[in-house]
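Next up: the structures, one after another.
Each of the next two complexes has chain A plus one other chain: chain B in the first, chain C in the second.
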Partner chain A sequence: MPFRIDRLGLTLAVAVALVLVLLPLLNLQPNRILPGSGVPLGELLKQSGMQLFLLLLIPTAIVSCLRTQALFKLGLSALSLLALIYALGTDSTALLADKSGFARLALGSGFWALLLLLGLMLTDALIKLELSALPRLLLVVGYLAVLFVLLAGGVWDRLSLMLEYHNQPAFWQQGARHLLLALGSIVPALIIGVPLGIRCHRSPRVRAALIPVLSLLQTIPSLAMFGLLMIPLSLLALSFPLLADLGIRGIGVAPAVLALFLYSLLPIVSNTAAGFDGLDPAVLQAARGMGMSRRQMLWQIELPLALPVMLSGLRIVVTMNIGLVAVAGLIGGGGYGTYIFQGLGQTATDLVLLGTLPTILLAFLAALLIDTLIAMTTREAQ
Partner chain B sequence: MIELQGLTRVFGERTAVDNLNLRVESGQICALIGTSGCGKSTTLKMINRLIEPTSGTVLINGEDIRDQQPELLRRRIGYAIQGVGLFPHRTVYDNIATVPRLLNWPAKQIDQRVHELLDLLKMDFDTFAYQYPHRLSGGEQQRIGVARALAARPELMLMDEPFGALDPLTRERLQGELKQIQRMLGITTILVTHDIEEAIRLADQIAVMDGGKLLQVASPAELLRNPREGFVSQLVGGEERALRLLSLRSVGDLAQPADQFELSDDTPCIDAGMSLRDALARQIWQRSAVLRVVDETGATCGAVSLQELINAGGRD
Partner chain C sequence: MPVNTPAASPASFEYLRDWRGVLVPLLLLLYFALFTSTLEPLLVSLTPVGAPVIYVRDSFINLIGWHLFLVVLAITAASLIAIAAAILVSRAGGADFLPLARSLANLGQTLPPVAVLALAVPAVGFGSWPTLIALFLYGLLPIFENTLAGLGQVRPEIKEAAKGLGMGPMQVLWRVELPLALPVIVTGVRLSVIISIGTATIGSTVAAKGLGEVIIAGLLTDNLSFVLQGGIIVALMAMLFDALFQRLESRLLSAQNH
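On to the complex of A and B.
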């Protein structure tokens, strides 16, 4: 059987080779803040970890160029990525051996580029595998769990990113707070937005009045929104000290949650309305004609059938809010944004990353989770 | 029995249904026929109160429908529509069980009823009960639609162009099944259609509507023989009128004693249950002016000649 070339795979493999040659995988910095210089590839290749990684990477790149079993590609690229992470960790000990105590090794542009390219290979193979939603979710979560175990086991403990992590005892509390802020604004937005969306579906006048207002809210930049909310909230807190005791103040959690709540309304309202608009009139007529009450129609027919579209609205809101919570770190809202702004203030890139990476990961996982839900609800309904 | 008395519905400036009076006896099928926008669907929807009449009353077995809450009324009336409207997120079983569940039947009774109905529509329980509607063909979906409408043993069945979206072969087969089931259960049925063939095939009584007004109500034979001038005559008239008349009667009805004809072994046969229209077609195709009429066992029970067909289908 002649081998056939996979064009996307070939492009990715070439890019991987170029990245390895041109970009540094690791940067050696004299201390936490000063910019460093890339560790040359030649020096890296003397280390055992990197050699193992290359040993895996070469077959991965070759397989990626060919049209073969997706499972094969998936396995190889997944292993390569793990090997890369492992290699950079173990080799860092050796590389830092003769350096001063302040010297730090940071992940370089080459690493991020490789992460992206291998990630694309993984995604491509995963799509070609054509798994249904739930097994796909389990596979991704399982892989992330392996990465987590690697990091928790201390592979990267000599790298600057993990040094920053160990400096932040509140990392997990900040994560919980991050999620709490994101979800805490979404739950009320759902409670208010879904009924509003149904109203919009039933009454064009309500829709004409409401949607432009919500759209306008969306266009306010988040920082400006926080600023706008500070004034009335501060006044409230001044006039009613009881509220201030409850945490409703010009800065902190209150303006953050309120702003995120306002941003959440438009996607929820408009997707709810769109979900209801898309219902088959014959189905509704049949339901009514058979003697369902308004309430029965809503709960038994309309909501379940509109659910996939409503969930895709929720997906937008969840990913958007997880990102926006990071901005709330600036006004003392807490969450991973805190690290981003502290890191910016100290020009400590790795502290910025310590805030950014988990934020991205949270958004990614949330989106994946909702995608699975959407797939499960549509498969039934179809 | 159902009676519509002076039923009128006005939408803004337009009178959709204008002072309509109609009476359908128990166990009969009445077809409401007319072009689109003639008010036939509006009339139907006023019977289960999906649309409230501007004036007039509807009596079901002498009871005014306004004496009952609309939801409760609708649960007593079977309703099947074009496009079926099966619930896509529910299995065939759950679709059929809709109205019994609204009426809080015990689960065991519902289960029994779903089995009965699938049997009645000649659909295998194990194959179909737990399928989702999108897995079914158009004809199967419509069958489930009918089963769902019949589920709670309604006293009245309303059908709004139920077979409109089906291909001709499937449509004909379902029409036959519907007629059989309706005869068996004796459910009073009102059928909205724009297809005169369908009305003639199924109905005991045809009500022709145009521009919101009822023009003529008659049995199919009467309508074909004596249509009112104008719209009705256009609707049923045309060259096919004779053939439609023939299609209303069975061969057995018209068969003469066999000894009046010289039948040979080569004389083509026809089942007594076929229509006169089928008999004529066979005579032409077989180039034979006489057909031997046979019963289900294949025994000769008479004969039918071209002349009798001409007499049966021709004008008075």
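On to the complex of A and C.
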């Protein structure tokens, strides 16, 4: 049977064709805020970049319908995606040539749909390659680096998203701040949460008292949590001006960091406890038999063996916090949430995207990195 | 469970204790929503001079209603679609889709709810629609993942035995697999509901009706009294629903073990 149909690939290929015909890849806007109208496919196909893209897309779609080598699918869909990004960039110059200086070309719904569909093809091929964790991470990071070089090289500089980026000189500082806020609250949460988790493992009474309280904290909606923490903090700042000088105030970073710390405790504590619960008693018995002290057991046996489960708790915390920091933009916490809420306020879609896309990318990369760590520590633990 | 209950404890007390997690937030919620004005003396100190102490632009009952309406509508739709999709990919005919579906559910967890909300606005404009769409899309993931996990937990021997009794594939699904997977599915629905209550709160930044607008109004006018009222009511609501679903889960689990 040389030709067997891959149902998933067929579905995706049909969807790609429909998107190309039905949705605009680019929108021509009269200015930054006003909505535009889609550039017709016929006009796009007159451009050399789009022709190149289509030349790559057709074999990609055909191959995706068949059950063949995953590597082949991976390479073709990766190239198609790069070609799409390159094509929209180079063709934008020609498309904008006879338009006014205020006119903007924005990425249209068709582009985002194609990005999603080609991304799905890529992901599926990547899963079927069955790479181990580290090469997979390197492959993804390498591909993202190529995309980065393309964008940094200015291929999209005529598109509205990149124009918006060049309007925001603090973009990278906001990114650093976003990461700092997301990770900064995790360090104290680890210092307190890991010992608490070990206590929970050893004492059912501590567990029965602690876990329900931490779960209750977890249910409180983020905006409510930020708001509720603002009240004691601003009262503190009013009564102790010294604290206010240190930055402990009702609005801004302090309630955000405190909220993230509280949210982080449950996954850390419960996964630490679960990791220790899952240890093989025979291994512990053997270690004790070798004359290890309690301290040695903890550091040399228990912690390393429980590490994968603890790391999966960390994965939950890191991705959750990256999202929550975006919400903190609303109370003046800084980070990419600032762009999201400013953009929503001004109905400037590109500014919203400039905040949203890096947030998603950060969360995705952090999860991928921790997944790799989990896979590596699991192999070591065995 | 009832091993350590004192023998003399009347059944009604036991009943109350089981429902404590539901009753406490429910009563507090009703008190804060209906009798907010009785708290005015306490809240005055948090209010800027001359500003109103109690949020009066809309009644809290009305806002709770809107908030819940959005959550229930979105999560009902999400449950139907996610459970159906999980059933489809776990059948033999959906095998091509299973690996991608699994890793999408896993990747989707990394997607921040606020990002989904922000992306829905350019697509459909301001108001309750983007919130509804974001709640729906984000609600799919936990339910889909838990349904897959729940169906995957059903041991093959049990399915074989059901087939041996002469059940068709649909009967095995409805009478064996889904009932056994139900507690895990309900856990997924609970997670979705809790996340949705939180995301709907942020939805007020894009002009969705709901309790978030009290908090936002407080943030915009520096009125911590508003922030406190909105925050407490929405937090109690999340706790109430969490407790309700947890009761349901433990009921289902204990029904299975008998």
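What we mean here is this: the second predicted complex is superposed on the first by the 381 of 382 C-alpha atoms of A that agree within 3 Å, B and C clash if a C-alpha of one lies under 4 Å from a C-alpha of the other, contacts with A are read in each partner's own complex, and residues count from 1 in each chain.
Just so we're on the same page, a contact is a pair of C-beta atoms (placed from the backbone, for glycine too) under 8 Å apart; a residue touches a chain by one contact, two chains touch by 3 or more.
Small disclaimer: the values here were computed from a predicted structure and weren't measured.
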{"item": "Chain C versus chain B on the shared chain A, clash or fit after superposition", "value": "fit"}
{"item": "First (chain B), second (chain C), both or neither touched by A:290", "value": "first"}
{"item": "Broader residue contact with chain A after superposition on the shared chain, chain B or chain C", "value": "C"}
{"item": "Which superposed partner A:280 touches (first chain B, second chain C, both, neither)", "value": "first"}
{"item": "Superposed model, angle subtended at chain A by chain C and chain B (C-alpha, nearest 10 degrees)", "value": "80"}
{"item": "First (chain B), second (chain C), both or neither touched by A:51", "value": "neither"}
{"item": "Partner chain(s) touched by A:127 [first = chain B, second = chain C, both, neither]", "value": "second"}
{"item": "Contacts of A:337 with chain B and chain C, given as first, second, both or neither", "value": "second"}
{"item": "Partner chain(s) touched by A:346 [first = chain B, second = chain C, both, neither]", "value": "neither"}
{"item": "Minimum C-alpha separation between chain B and chain C after superposing on chain A, in Å", "value": "18"}
{"item": "Footprint of chain A on chain C - complex, ascending", "value": "46, 96-97, 99-100, 103-104, 107, 109-115, 118-119, 121-123, 126, 194, 197-198, 201-202, 205-206, 212, 215-216, 218-219, 224, 227-228, 230-232, 234-235, 238-239, 242"}
{"item": "Residues of chain B touching chain A in the complex", "value": "48, 50, 70-75, 79, 81-89, 98-99, 102, 132, 134, 145, 148-149, 158"}
{"item": "Chain B-touching residues of chain A, taken from the complex the two chains share", "value": "280, 282-293, 296, 301, 304-305, 380-382"}
{"item": "In the complex, chain A residues that touch chain C", "value": "6-9, 109, 120, 123-124, 127-128, 215-216, 219-225, 227-228, 230-231, 234, 250, 316, 319, 322-324, 326-327, 330-331, 337, 340-341, 343-344, 347, 349, 352-353, 355-356, 359-360, 363-364, 366-367"}
